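Pasting the structures here.
In the two complexes that follow, chain A is the common piece, with chain B as its partner first and chain C second.
Let's look at the complex of A and B:
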């Protein structure tokens, strides 16, 4: 029996259960980004269903988890690896060009990203690189979150646009088909009608006029659908613009409003006149003042003047209010 | 009762009240009707209900929830008719799909401070400021709600309880058990909310009352007699671990997105000594609110899409 060469597993064969594509064509291969060793779907189920286990490849020993297994997208594992690393780095280094002051700084940033990806892919200075990635993610925690959220929103917008376009296209095709169908229908119908009319009509009717009227009514019918098509197109354009504008519009509106109204910190809540005037230098209550001079009051932040204010407020609130009159109004 | 309002559906239940969504028949406006449970209380109405009515009827401000009406129905239940506000800050902070910009935070803090300023101007302490009590109207206006713990500034011979404000938002003088505090406790709570908005996670999440003391002073330094004269005489000032106050750079690292103006305001609201802590008027006139970016208009603030 020939020993399996684990370093060079045949392309269409699972090295664990030795099943291959020839005997079971529905075989699916999975890989785990920990070590990128190829294992078939049923082996993944069998080995990893009960929790994390070591990779079955000899001399690998990495502990793998079932939920991390994924279908291989690229034939070349190197490409697959690079894409995974790149995705990971870009979810942290996620600034866009407009976040930078100049193109040069942006280019430098991109260079840094490429360096990191390269070093991680070929395992050069892996610890130092990981450290660098971690440091960056801590230092830029908030902007990373913001940018990721922005990207998600952008993606959502894209999906919505795509959906809209799809809807628009299918509707357009439907209408176009209706137009064509209606036209052929009409043509055959009108032909019969025209013949009938020509047959029945006596000498007083000009055959040319009959044909003309028939053609006119035909045109009217199809133009009804054409108009619908135009409306549809307009509606689509409008919706598309609305989706694109969606985000910018709110910030723009905000700026306009800010320019019109000057900022008022209290929003008019400071100047309402009080029905009384308190002169703190003239009002002295020796009993309360002695009490308040205690350290317990001082340390707690107690303010006697605020209490005077409140008491006066309480005493005067409601004066000059005539409930009966208000009720009438 | 029900000739003026309808009770449509139950939207929430607290310890002392059930909240219904209803409609004001005269205007067709949505309202929240808070039905106070009276059955279980031998000594009459619950204190919170009385407080809520007493103080809300004194206040009328864009950033304070409006008490529209009070009535009692057949079962002798007391009903408070309040503005219906569908969302709150806690929901917004926790909804990670929403992107919060610094201009949005500025707008929310501005509206909060305006509301608190209105209460303080009228001599009323809210005493329970926290994100879930900052409600958001459909037009984006932020409104202070839940005045169940509110009270008026009292005379010096009244002893206030220091067991107020939800733990994470409790000012240091309350942690030390002071019985004579003032409007500064609300400013502290706003400061902690401000920090929470920037971090999108609670700033000082103490696990219990003792842990709250530790967490607070780890973040902001332990107060000393020099920083806060008289602090050592407060009832619970003992057995403290001394933490140094945070340096400016440490704060910058903790709040990387905050501008210098935002940090100044935050530090002003979180000054340990209540006598030095900024009051709402000082906060509102601080340059943070006029520097760029301008606070977002309420209508365009992020909100949860239903």
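Let's look at the complex of A and C:
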């Protein structure tokens, strides 16, 4: 058996278990951004499911964790590496052009980013670069978080737009197909109809007029679908605009929500000043007093004041509803 | 937070909702409150439906039967339909029965009142010619006890009432629920009355507590009595409560309402202090006298009401419309309106009650039975005819015997 060259692992083979893509076509390779060594999916499961372990490649020895493994996107590992680094740097250096006073400053900023990426990729002054990154992230903590949030929002918007467009396109295709279908249908139908009519009333009517009427009815039918299509287009445009404007409107909504009155069963409204003044000290009811002084009633949490209030409330609920006037209709 | 509020005004000013608006949302207001004319219309309609149904029953009779023939012979127009007035009487009769039955079961007044209201509500949609009120009454009571949280088991319930079975009571339950439009809540006037009792104590601290308690007790009885009149469909519970209180103690309610609606203060402003002081002294004197003897107070009360009525009319003519905020009705108007309503309500309770005598009730009840089962009527007619024919025969034989005897006597004479 040929000894495996660890520095030059064949493309379609896992160096750990030696499984080949030829024998098991469903094999999937994963890499860890710590060392970018490729290991197959089942090996990752086997080795790292019990917790962090060192990389199985000889002379590597980096401690890897299972949750950091990811599928390789680019064939070239160098590209993959650069993308990861860039993503990391950009999540910290995440200012946009309009955050800067002039283009020059912005260009300088971009230059800085490129420098960092380059140095990290080729491991030049790596400690110093890391330090720089850390310093920057601490200094701009607030703005970084804000910008990230903004980016997330934009991304979400983008996804929504994409979804909308997809929907719109499929709907449009469906309608177009319907139109075409209808047209062919109508054409054949028209022929039959025209023939029928011509046969039936060959003497009374002008054949040209008959054909004309049939054609008109056909046009009407197809125009129905065209109208639907137009409507769809309009709707799509409207929704698109809504999504683009969404950022402002949603923030506005939040503001409104803060000002809105909390829910009540009667449309966000409040009881008007009560028509009575609750003053339990002035009420005397010999019967109830006897009851309240009884411990048995008190033990259950019976509150006389609640009863008073309820009675008073009922006394003024509907006092000014004059049915004879209000129910005339 | 405050800054943002300053920047943008609140989107909608919260509308205020009064207790009355709350009441307007209740099913009692929405489904079961009518103007007087509408109420009458409903009853006429129900009666008409009942007549049509009875008529159909008559036509469906097997014409070969003797009884059916009898009915046909005996002019159809003479068939004993139940009139509108009789309907009301019999319903009231059974409502009273319902009350007795509820007392027998020791049900609280709340449940008892609800049962009575259910019964009246049911017969706004149906006629007694469609369903016999006796059966409906049992089911109403059973249902009301259940609704008002004093449930009686159906077996115990039907055991206590002769000639009923659980099935016979339960079979109408769904029908009644449907007729009530599934609105089971009844707002009664007992609680509002108690509310007024409290509010009067707070607003008029000088009032003699003993007397107040007595008039409230009396008013409570009146509230129970008011169930047998249409006031529950025509007025709101607090109005009925006030009307009952007014019937038991009119001066008290007048004084209370005047103070409540801020009438007295306005009077002071316009009329000057003299009249006010007089009224005040009078009221106090009255209050003192009231504690001494009851007969006296009644006499005084009458005179006082007259006096107050006078002052009332005077103030009406004298007072310039008091300045009030925009859209607000001046207290005088509000007072008058409230008073008119209360008086109207009280008059309705006062009206000659529909209580029928036992004989009358029996008569109507048998009529209902005939409507429900026309065959019975036929049978009765048949019996009548047989009886009549028997009498006639008897008479005939008697006559023939007498003529014979006469003849013989004549013969004897001639001989």
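Criterion: the second predicted complex is superposed on the first by the 245 of 329 C-alpha atoms of A that agree within 3 Å, B and C clash if a C-alpha of one lies under 4 Å from a C-alpha of the other, contacts with A are read in each partner's own complex, and residues count from 1 in each chain.
Here is the rule we go by: contacts are C-beta pairs under 8 Å (C-beta built on N, C-alpha and C of every residue); 3 or more make two chains touch, one makes a residue touch a chain.
Not measured: the values here are computed from a predicted model.
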Which superposed partner A:310 touches (first chain B, second chain C, both, neither): both
Partner chain(s) touched by A:298 [first = chain B, second = chain C, both, neither]: first
First, second, both or neither for A:328, with chain B first and chain C second: second
Touching partner for A:139 - first (chain B), second (chain C), both, neither: first
First, second, both or neither for A:153, with chain B first and chain C second: first
Contacts of A:276 with chain B and chain C, given as first, second, both or neither: second
Touching both chain C and chain B, counted on chain A across the two superposed complexes: 255, 258, 266-267, 269-270, 310-311, 313-314, 317
Of chain A, residues touching chain C in the complex: 255-256, 258-261, 266-272, 274-277, 279, 282-286, 308, 310-324, 326-328
Chain A contact footprint on chain C (complex, rising order): 1, 4-5, 8, 10-12, 14-26, 29, 33-36, 38, 187, 191-199, 201-202, 205, 209, 213, 234-239, 241-242, 337-338, 341
Touch list for chain B against partner chain A, complex: 58, 61-62, 96-97, 99, 103, 110, 114, 117-118, 121-124, 152-157, 173, 176, 178-185, 228-231, 233-234, 256-257, 273-275, 277, 281, 284-285, 289-290, 294-297, 300
Complex contacts: residues of chain A adjacent to chain B: 139-143, 146, 149-150, 152-153, 250-251, 253-255, 257-258, 263, 265-267, 269-270, 288, 291-292, 295-304, 306-307, 309-311, 313-314, 317
